[in-house]
Amino acid sequence: MKQLLVFIRKEFLHVFRDRKTLLMLFGLPIAQIVLFGFALSNEIKDSRIALVDYSKDAITTRLIGKIEASHYFDIQHTLASADELNAAFKRGDIKMAVIFPANFGDNLIHTGTATLQVIADGSDPNQATTITNYLQSIVTDYNMELAQDAQQPLQIRPEVQMLYNPELRGAPNFVPGVMALVLMLVCTMMTSVAIVKEKEMGTMEILLVSPFRPVYIIISKLAPNLLISIVNLVIILVLSDIFLDLPVKGSVALLVFCSILFILTSLSIGLLLSINARTQQAAMMGSLMGMMLPTMLLTGFLFPIENMPFILQALSNLVPSRWYFIIVKRVMLKGLGFSAVWKETLILTGMTLLLFTISLRRFKIRLQ
Amino acid sequence: MDTVITTDKLTKKFGAFVAASELTFEVGKGEIFGFLGANGAGKTTAMRMLCGLLTPTSGKARIAGYDIYTQTERIKRSIGYMSQKFSLYDDLTVSENIRFYGGIYGMSRPAIRTKTATLLDELELRDEAKTLVRELPLGWKQKLSFSVSIVHDPEIVFLDEPTGGVDPVTRRQFWDLIYAAADRGVTVFVTTHYMDEAEYCNRVSIMVDGVIAALDSPANLRDQYGHASMEDVFYELARNAKRKGD
Amino acid sequence: MITLDKITKTYNKGAIKAVTDVSLDIRRSELFGLIGPDGAGKSTLFRILTTLLLPDSGTATVNNLDVVKDFAKIRSSVGYMPGRFSLYQDLTIEENLHFFATVFGTTIKENYNLIKDIYQQIEPFKDRRAGKLSGGMKQKLALCCALIHKPAVLFLDEPTTGVDVVSRKEFWEMLARLKAEGITILVSTPYMDEANRCDRIALIQKGSILSVDTPAGIIAKFPMDLYGIRAANTHQLLREVRSYSNTDSCFAFGDALHVTFKDHSPGDTPHVTFKDHGPGAPTAANPANDLLPYLRSKGISDPTIEKITPGIEDCFIHLLGTPAAATSNN
C-alpha cells in the first residue's frame, strides 16, 4: 500500500514538473469552455435572406414588416426577379428567399389560404431547417393575428423548397467538411512526423553533412504524402458518390486541382511544424492541437462562421480549410465553375507560397 | 562460504534459439562477482533470469534463498539493480529519488530519513539534496545510482555496466563504493566492458555463445591461460565466438 | 588539415560550457585521437568541425575551408560517423550503402576497394535490415557509409563505444589501413587504452584540452616516478597503501596499484623489481624500500613493488589533478 502511495506521489511530481503538458491539461478545458460557451453557437441570427414581393398589398407589406423586425433575418435585397435570386444563392449571398406571388392578399381573403414560396439553401441542412422554422413561427404568429379580425381562419402556408439538397441529407454538409479536415490533418501530421523522425533517429545529422541539398530533403518528405493524399481524395469522392449518393456536380478536374492545392498548403504547414519539434510525439501533438482544433471549429461546417464574434471570424480567415470548404461546396454541391471560386483559389495559392517560403528559410541546416 | 546465488543448469530458450545454456555456478555472500561476455553472449539474459525478470526454460536456481520460479517477488525485494541506461529520475531531486526508491523497497519513513542523511554524507552531496538529478555531473549520477540501488540494504546488488563513459577517477571512486558495500556483506554481481575492472572482482565468469566458458578468480584465469592480463584471456575466449552479438 | 583556434561553445545561454578555448592542429594523414570521458566536449567539437554547430567564438578550418563560411564545401567532402549508429534501421545493409553512395554522387563500385576489407565482413548479411544488426556490424556498416565517397577527412565520434572487445580491436586495425591510404582521421573515444593506436592524441575533460602529443610524448611528460604494487589481496593492499604517509597518489589498475610517492628521488634505476628480501636488500634511497616493511607489518603477505612506465590513463588521472584519493580512507 505504501509502495503504491510512493509511486503515485512520484507520478504527480513528474506531471507538475512538465510545464508544457500542464499548460495543455489546464489550458485546453478553459479554452474550450470559453469558445463553446461564448463564441460558438448554433443559434442563428441575422441570416441573410431575400424578399420578393410581386403583390405589394397591405398583407404582404405587414408580413414583410414583421420579418424585417425580427432579429433572425438580415434582409439583403428586395430583389425583383427569380434570376437574380438564383445567382445570389449560388454566390452564397443569401440563405433563403421568400417570394410573395401576385395577388397574395386577395387570394388570402377570398379563398382563406395563400401560399408563400420559400426557397432555402439546403447545403447546410441544419441551418436551413432552423431558418425556415424561424420563418414559420413568424408566419404562424401573423396567422393568429389575422384570425382575430376575420370571420374565418386565414392561413398563410409557406411552401418550402430546399435548394441543392432537397431531402435535407447530412452528407452534403459533412462530406466537404470531412474532406477538408482529413486532408489537412493527414498531411500536416504525416509530414511533420516524417521530418522529425529523421531528426530523432540521428540520420538527419548524416544527411546534413553531405552534398545533399536541404531542399531535396524537404521535397522527398513531401512527395509520398502528396501522392497518398491524392489517392485518399479519390477514394473519398468515389465513396461519396457510390454510398452517399453525392456525386460531384461541377467539374471534377477543377475539384481535384483545388484539392491538390489545398494538400500542398497542408503539407507546408506540416513542414513548418516540424522545424521546432524535437520529437515525433511533439510533432504529432503540435499537429493535433495546433491544427485540428482550429480546423474543426473555424472551417464553417460545424459552426457557421457568420455567427461568430468578430475576432473568431477574422481568425477563420487564416485557416486554409475554411477557403477549401467553400470551394468544395461550390464545385461539388452547387456545380459552379472557376469563376465562382477564383478568389478562394488565389488565397490558398498565396498561403501555400508564403508557408513554403517561410519553412524553407527556417529549415534548420544546423543542429542547434 | 555462505552462498547467496546457486544455479543448476539454468537455461533460457527463445523458440529454437538458446540464449543461455546450462549455467551452473555459485556466488558467496560478500563476494564481488564479475560477469563478463561479449554482446550477444547471453549475459543480459542470464542477469534478467537471476533478477527474477525472465522465467527460465529449464534448470534450477535460488537467489537469496528464494526459488527462481515460484518466489520472484521475494527475490525482487531482496536485490538491488542498477544499469547504465537508467536508474534515477532526471526530473526529480536527489532526495526525492532516494525517498521514492526507499518507499518502493518498503522502507519505513524514519528509515528512509536516516538513510538519506547517511547517503548524502557519504557521497558528499549534502548541498545537492534539492538539485534535480539531470543537473548533476555524470560521475555523481552514477555514484548516486549505486547508492540508491542498495538503499534498502539488499543481500545482492546487480550492476549492469555501471561505469560506462565515466572518467577514470570517478570510475575508481565508484569501485571504492562497491568495495565498501562488499565489506558490509552485500554480494555484488557486476558486468563490465572494462577488463581492468574484472581484476577487482573476487571471481569472474566469461560467457561465450550462451555458455560459461570460464569461471575462476582473475589470478587463476591468467595462470590457466598463460596471459598477463584479463583482457588477453577474454580476447582469447571471445575471439572464436560464433555469436558476435547477432 | 584540421585546425581549431580558441573555439568556445556554450549551451543554454552560457549556462553550460561545452568547450572552452580549444585549439588543435591535426596534420594530413594523421590518425588523431580525442580521448576523454562522457561530457568532456568531444561530440561538440566534432559537430563544430562538421559544420553542424556554430561556435560561440574562435575559428576552425577543415582542409583549409572555414567551418562557418564554407560549410557547404566541407559537407560535401568529409565522412562523418556520429555518436549513435545513425543509419536507416528499416533499410538493409545494401540499401543503406547504396543510398549514401548516391547522396554523395558516387556508386558503390567506384570506391569499393576502399571499403572492401570492412564490407566483406558484413556482406553475407547484406539483405538484413540495419536495425537487426549487432553493435559491431552496425559500426562496420556506418564506417562503410562514411567512406564510400573517399573523403579526405574522416570524423568518427566514439565509434567503439558499446561494441564488444573483439570488434573494437578489428575496428582499429581497419583505421590503421585507412590511414595508410592517406585519409586524415579524427577519432574520439573514452577508452584510454585505444589512445596508443593513434599517431597523436589530445586528452580532454570538461571542455578543456589537458594535453596534446604523441602517446609516447604524453607518457614522457609524466613528472614523477610511478610504481606498481601488487599483493594477493588487492583490496586490503589499497587500504594500507592509501594510509601510508608517504603515498602521494594511489589508484587501482586491475590487479596492481599505481602509486606515486611524495618523497621521491628522480633518476632512479629504471625497472628494477624490489622484492622483499629482508634486511640484506639494496639500500638506494628509494621509497619502495620503506613501503614493503610497512605493508608486511600490516599483515599484507608477499607484496611486490616495481617501477613502471605510466600509461595514458595514469597521465590522464594525473592531469585531472585529484589529490584526494591518496589519503582518503573510504
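Note that the chains are named A, B and C in the order they appear, and that numbering of residues resets to 1 at the start of each chain.
The rule is short, and it goes like this: contacts are C-beta pairs under 8 Å (C-beta built on N, C-alpha and C of every residue); 3 or more make two chains touch, one makes a residue touch a chain.
These figures come from a predicted structure and were not determined experimentally.
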Overall pattern in which the protein chains touch one another (line/ring/star/complete/other): complete
Contact pairs, highest-scoring chain pair: B-C
Separation of chain A from chain B, taking each centre as the mean of its C-alpha atoms, in whole Å: 61
Distance between the centres, which are taken as Cα means, of chain C and chain A, whole angstrom: 62
Averaged-CA centre spacing for the pair chain C and chain B, given as whole angstrom: 26
Chain A-facing residues of chain B, complex: 89, 91-92, 96, 99-100, 103-104, 106
Chain C to chain A touching residues, read off their complex: 47, 50-54, 72, 75-76, 78, 80, 82-84, 86-89, 100, 103-105, 145
Residues on chain B engaged by chain C in the complex (per definition of touch): 38-40, 137-138, 164-170, 172-173, 175-177, 179-180, 193, 195-200, 218-219, 229-231, 234-235, 238-239, 241, 244-246
In the complex with chain C, residue positions of chain A that touch it: 201-203, 205-212, 366-368
List of chain A residues in touch with chain B within their complex: 2-3, 5-7, 9-10, 13-14, 17-18
